[in-house]
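First up is the structure itself, then whatever we jot down about it.
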């Protein structure tokens, strides 16, 4: 455990180091920051790895007069899986971020040491959240994580909408903290102390009402942070506003702490009732479908990726829902499949989503704009970013040689095996068409992004004179891409990583994962490798065949129209139009027509439809009360008299002595 | 002996300061503040001292509030030295005198175990602070001080009536013990006449409630904090309201001892929730930062009274919350003071670009935002968490839900204003920050203390809080 | 002996109504001064064993409440051109009727209170009447000085109520209370003086600049 | 799987690779006969493939490496998909629980590559084709998955070999799952017409680019690339006909053919059958209007869903 804390210390030291070595020797500061941070991640990761490898959870109790009893930290298999994802992706984002900010610092716009310091604090806080074993440490680290990510989101605070998105984010996370506040308070009422073990011990003695309250509050609190549909409204604006390496970390890791929280509560409660499993499965399906639908409607590349995070959280929730159903209907096989699918998809999503965000960050750095309508033809000018992005895209839509497919395959199996049981859990099989629709729409959406942004010809000057970003930037991206491919080609790796936790979650002791999963894993690697082998074989024969015939270069055929302009290419909105028209108003596309122009923009159903109008109504109600304080002393005296009379009435007629 | 010194030194200092010249006045102020803190520290080392035949005594509840007042006064004094020199109307001769007078009166309130003495102390704190509110000598501060004086005097009159009713509730002769002395009254609480005791509680609740600024008797607060200089606002919202809460807590402890718990708990909870609702309504869309902090003070007073009314760990949470709220409120008031000093206005939509113009105060404001709204790393989170835990523990889940909901809305209102002030770009670009170094030390120190309270509660403090909670009809967590 | 006390208490009620009825500020101040004298005399009339501290208390009350404060209030309004009270919110007649109602309520409540009678049974009702009329004056009048007079009347009422417990409430406390009231009114007087200078007329009604 | 068994499935794969291009030929032939025309010979596609293989390629100036990689990936993925399907009606070459998901995933990868290649050329027509192709595919996939789920529930195993192979046959008709199997067959037929871009959804023989879907995506490909794409299309048709044949055999309730030869014959017969039925559909039904296609696909999926509910009940 001390190794882990040493790792965290190194990460914080990296931030402080960057803060100290600022000013003229900023380049040295960057180097110190990167080296220290990577070493910190490796040491902390080693501790987590050891827990997974040896299967021996670590624990550390710090005694002292802290409020709410002494602090307990611990790493069990669940924390270890999340820790590995956090530290790996965190290091990659840090490296990308340093180079990204170096370019910004070169233009002298902003001192970067503060961003680096808060990035290091954020990383350390997330690691602490995952390792916390008492309420005070958990909520403390949770809020430090929320505050430091707020500070990072409003890095470009001179723009008005960045501040607005930052405020929406802060309000959402603070409401989440208050929900957790109430959850832990309800739970603590029955517990002896504020530590998680005491909570676990008190779980059986929680009354039915209290259990429902705890479960719902957990769903709201962690749901806000995870961002499934009704509570996702803060996620797209926050990710669009944040610098790209921060939104990569947030989308890949920070929203996963919500999933970690749900799993931790499930573990402590020892399984949830069936209704909760159905609710989570329902939320997963709705988040998945709506998330990808709204992603299709976006013009801004980072908002699109953010909505895809909502979709993938939906898939993860479907996995957890199936797992919870398995536990509540006492079917360990379903539970193990569901949890394995959900957990592995969390890790996979952390990898390919941060890869995609780093790609979009590189595009933003090179072209200065995020609007897909102004991009195009970047593959030729930024080949390595394009390679990383297309691998990420293939991974996210869940096709065989990549890691996204493995976790979706597990979720499918979980859904199908639930369908085979005789009880009412059979209805879970209806999740299969939903998941198929989600991956179909995801394929449509990422064909659109990859095609419109990187392929075809440059639509504006921004895109045409884009230059490839320096080497330091796309190395982390390619590392993540490599991780996606290896996990895709060797799924046994990923499944082995999560098997210990899955056994714990499903509460089946140390029986192995179901046999079809193990054999399936090796078969999938066979499918993946055969696809790659066959493709290379055909590519080589095609090359050999082609050399005999010269390949002529002509302008694109396009039915012999010889003056095509870049504006005639399919844009992001036209590409998505057929699909969005099918779903009608649900897709939230607002069309503005004037005599001369027609513009479409995507609106968020929950943010514009529910959250903001609700706030305006609360605001209006408050203003109506403003009349109380209109400045006349007489009325103030009357208020005091009224209060006195009320109390005297209470005295006279209130409870008899 | 220490108790008398604690009151006499500031009182004498106040008289002497009136005749001294400006620089020596400031040094006198800071010296007395330091001596006061030292004496209070000595109280912590050897607790339980008595003076004036039991009229002045040191008990855990009083000691916690006294520590808050003393530490707060030291920070404000350090801030005042610079403010007196550089404030828009520089602090005159009466400024330091009134501050020291306030310290003496507040110490009297904290230490007195005789209700009438407590009343006199509270009345003198009101009168000591009145000239400080009128520091700017313009029409708005004149109106503010007038309303403050009239409302407070009426309230104090009711409190006096309450004290007299307490005296009538006490049986005369040997069975009743010394009249109006808290220790005797708690010992012989069952002998008190319930009808008079309840009437006394009603009037003291109105009297001390108005001094605390509970809704609906809070109308003087936004005007007073809005017009008074910020350090005075900090002093009042931190120390004065806590002394008023101490008075109410003393009366409540008598009532709890006399078995009137089921009469006073609904009243306290009712006032608590009502204050929270009113505070929420007025914080949203508030235009002035100082008035917003006033309503935030109303909110936290509501939480204190709610904690006291809930019982169980609520009493422990309430006393700890008084400590945290005092320090956090003073910290954010001093930070706002720096801003108002430089920008000249407290209207929030005219203040922009603090991160550029005054980075230190800007960051302190953001830290203050998270401290005042009870976010975890800070002390306020622990006390709010205890109070809400008590609400659930004492089977009032709906009250807990309502409180959490209102806190969420309040956070939005405060965050909306402060974050816009700090992060929006300044109207005209400014190259070097117009920050005054010395004015940042006090709020920064307070911020550190509030953060520490969230992470580490020293053993003596937790013992004092636990015994205070038991005294107030609750229990330690 | 009790007849003298009852006479004094009756005069106190009379002075209450005088304040309610008059529209001229100087008449108000004279009425409250007269009430001060009565208050000074009452402790002597009620308690037969005239001990040293009772005399000092009585003289102190009389000097402060009858002498110093009324003179001070006159000083505060000396520059005010207008010496008449602005028409109160509910009119003079209504104020007097309200005063009468307060009297009725006071007597009804006084009988219900299980108070161990000390001195005459008239003391508690008169105290309650004075408190209530003080509140009426405070709320309905708009002139700053009249509100101070209302506050003084409120204090007098509570002081009267305090007399029922006088032997139990030690001397030092009585003096302390008296001093506090004196300092309070003193500061209010200064503020009234400043209001007088800032605002053309000293009507408190126009003080509505601060609002949300 | 025993080595004799693998021998049969490998030969079945070889038969598919060889015989698949007949299907479009048979389809156009049947359509010609029904509409009273001479029509092109059955082996027309073989001739085209051979001709294209000899030709040089013309590449657009705008395209990158993805344009040349796409046909290769399309063909490779279709072949791998073939390895997953039990062509001989008993067991496929690669068999594991949940390989139906792999089947759809592999086809998805091919479609992804082809759409990217279409967008790479930068022409608006190819973009339109890619957009429509991806839209219809995303609506057809759920239906296909429901069909697989129904078969899986019947066969109590989510792998294609069990669903379409022996297990379904045994349980099929006898277990009272007959009607739902028929519904699944109909829905698979309807959805395969969409997947392989045949008439009701898309018309391979039209020359008006604005109405095309799949064809317009491959406008810019030429020479061996175009040959690979056409061949992959034919293979996909072969796959779906094999799946359809297995479902129908399961629905009819006879047992499985014990020896290999009959299975191969049945496979070839399914190709011809598929060709004829496509030809019949093409001559009876006209192409659907663009906004009507989602309804058609929803109808196909609803059929499969109804089958699933029947089985789950």
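Per-chain numbering from 1; labels A, B, C and D assigned in written order.
The working rule: a residue touches a chain if its C-beta (ideal position, glycine included) is under 8 Å from a C-beta of that chain, and two chains touch if they have at least 3 such contacts.
Note that the coordinates shown come from a computational prediction; the quantities given were computed from them, not determined experimentally.
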item	value
If a chain touches chain B and chain C alike, it appears here	A
Centrality ranking, top chain (CA atoms only)	A
Far-end chain from chain A, centres as C-alpha averages	C
By number of C-beta contact pairs, the top two chains	A-D
Between chain B and chain D, centroid-to-centroid distance (C-alpha), Å	78
Separation of chain A from chain D, taking each centre as the mean of its C-alpha atoms, in whole Å	36
Between chain B and chain A, distance of the C-alpha-averaged centres to the nearest whole Å	43
Euclidean distance of C-alpha centroids - chain A vs chain C, Å	70
For chain C, residues that touch 2 or more chains besides their own	135, 138, 147, 204, 207, 209-210, 212
Residue numbers of chain B (touch at least two other chains)	146-147, 150, 154, 195, 222-223, 282
In chain D, residues with contacts to at least two other chains	none
Pairs of chains in contact (touch as defined earlier), listed by label	A-B, A-C, A-D, B-C
Chain D-touching residues of chain A, taken from the complex the two chains share	376-377, 379-380, 386, 390, 393-394, 397-401, 405, 408-409, 412-413, 416-417, 419-420, 426-427, 429, 432-437, 439-441, 443-444, 446-448, 450-452, 455-457, 516-517, 519-520, 523-524, 526-527, 530-531, 534-535, 537-539, 542, 545-546, 549-559, 564, 566, 568-570, 574-579, 581-582
Residues of chain C touching chain A in the complex	89, 135, 138-140, 142, 147, 204-205, 207-212
Chain A partner contacts - residues on chain B that touch it in the complex	146-147, 150-151, 154-155, 158, 194-195, 198-199, 202-203, 205-206, 209-210, 216-217, 219-220, 222-223, 260, 262-263, 266-267, 278, 280-282, 284-285, 355, 370, 373, 375-377, 379, 381-382, 384-385, 388-389, 391-393, 397, 400-401, 404, 407-409, 411-412, 415-416, 419-420, 423-425, 453-459, 462, 477
Chain A residues touching chain C - in the complex, by the definition given at the top	626, 629-634, 637-638, 641
Touch list for chain B against partner chain C, complex	114, 116-117, 119-120, 123-124, 126-127, 130-131, 134, 139-140, 142-147, 149-150, 153-154, 156-157, 160-161, 164, 167-168, 170, 172, 179-180, 193, 195, 222-223, 226-227, 282, 286, 291
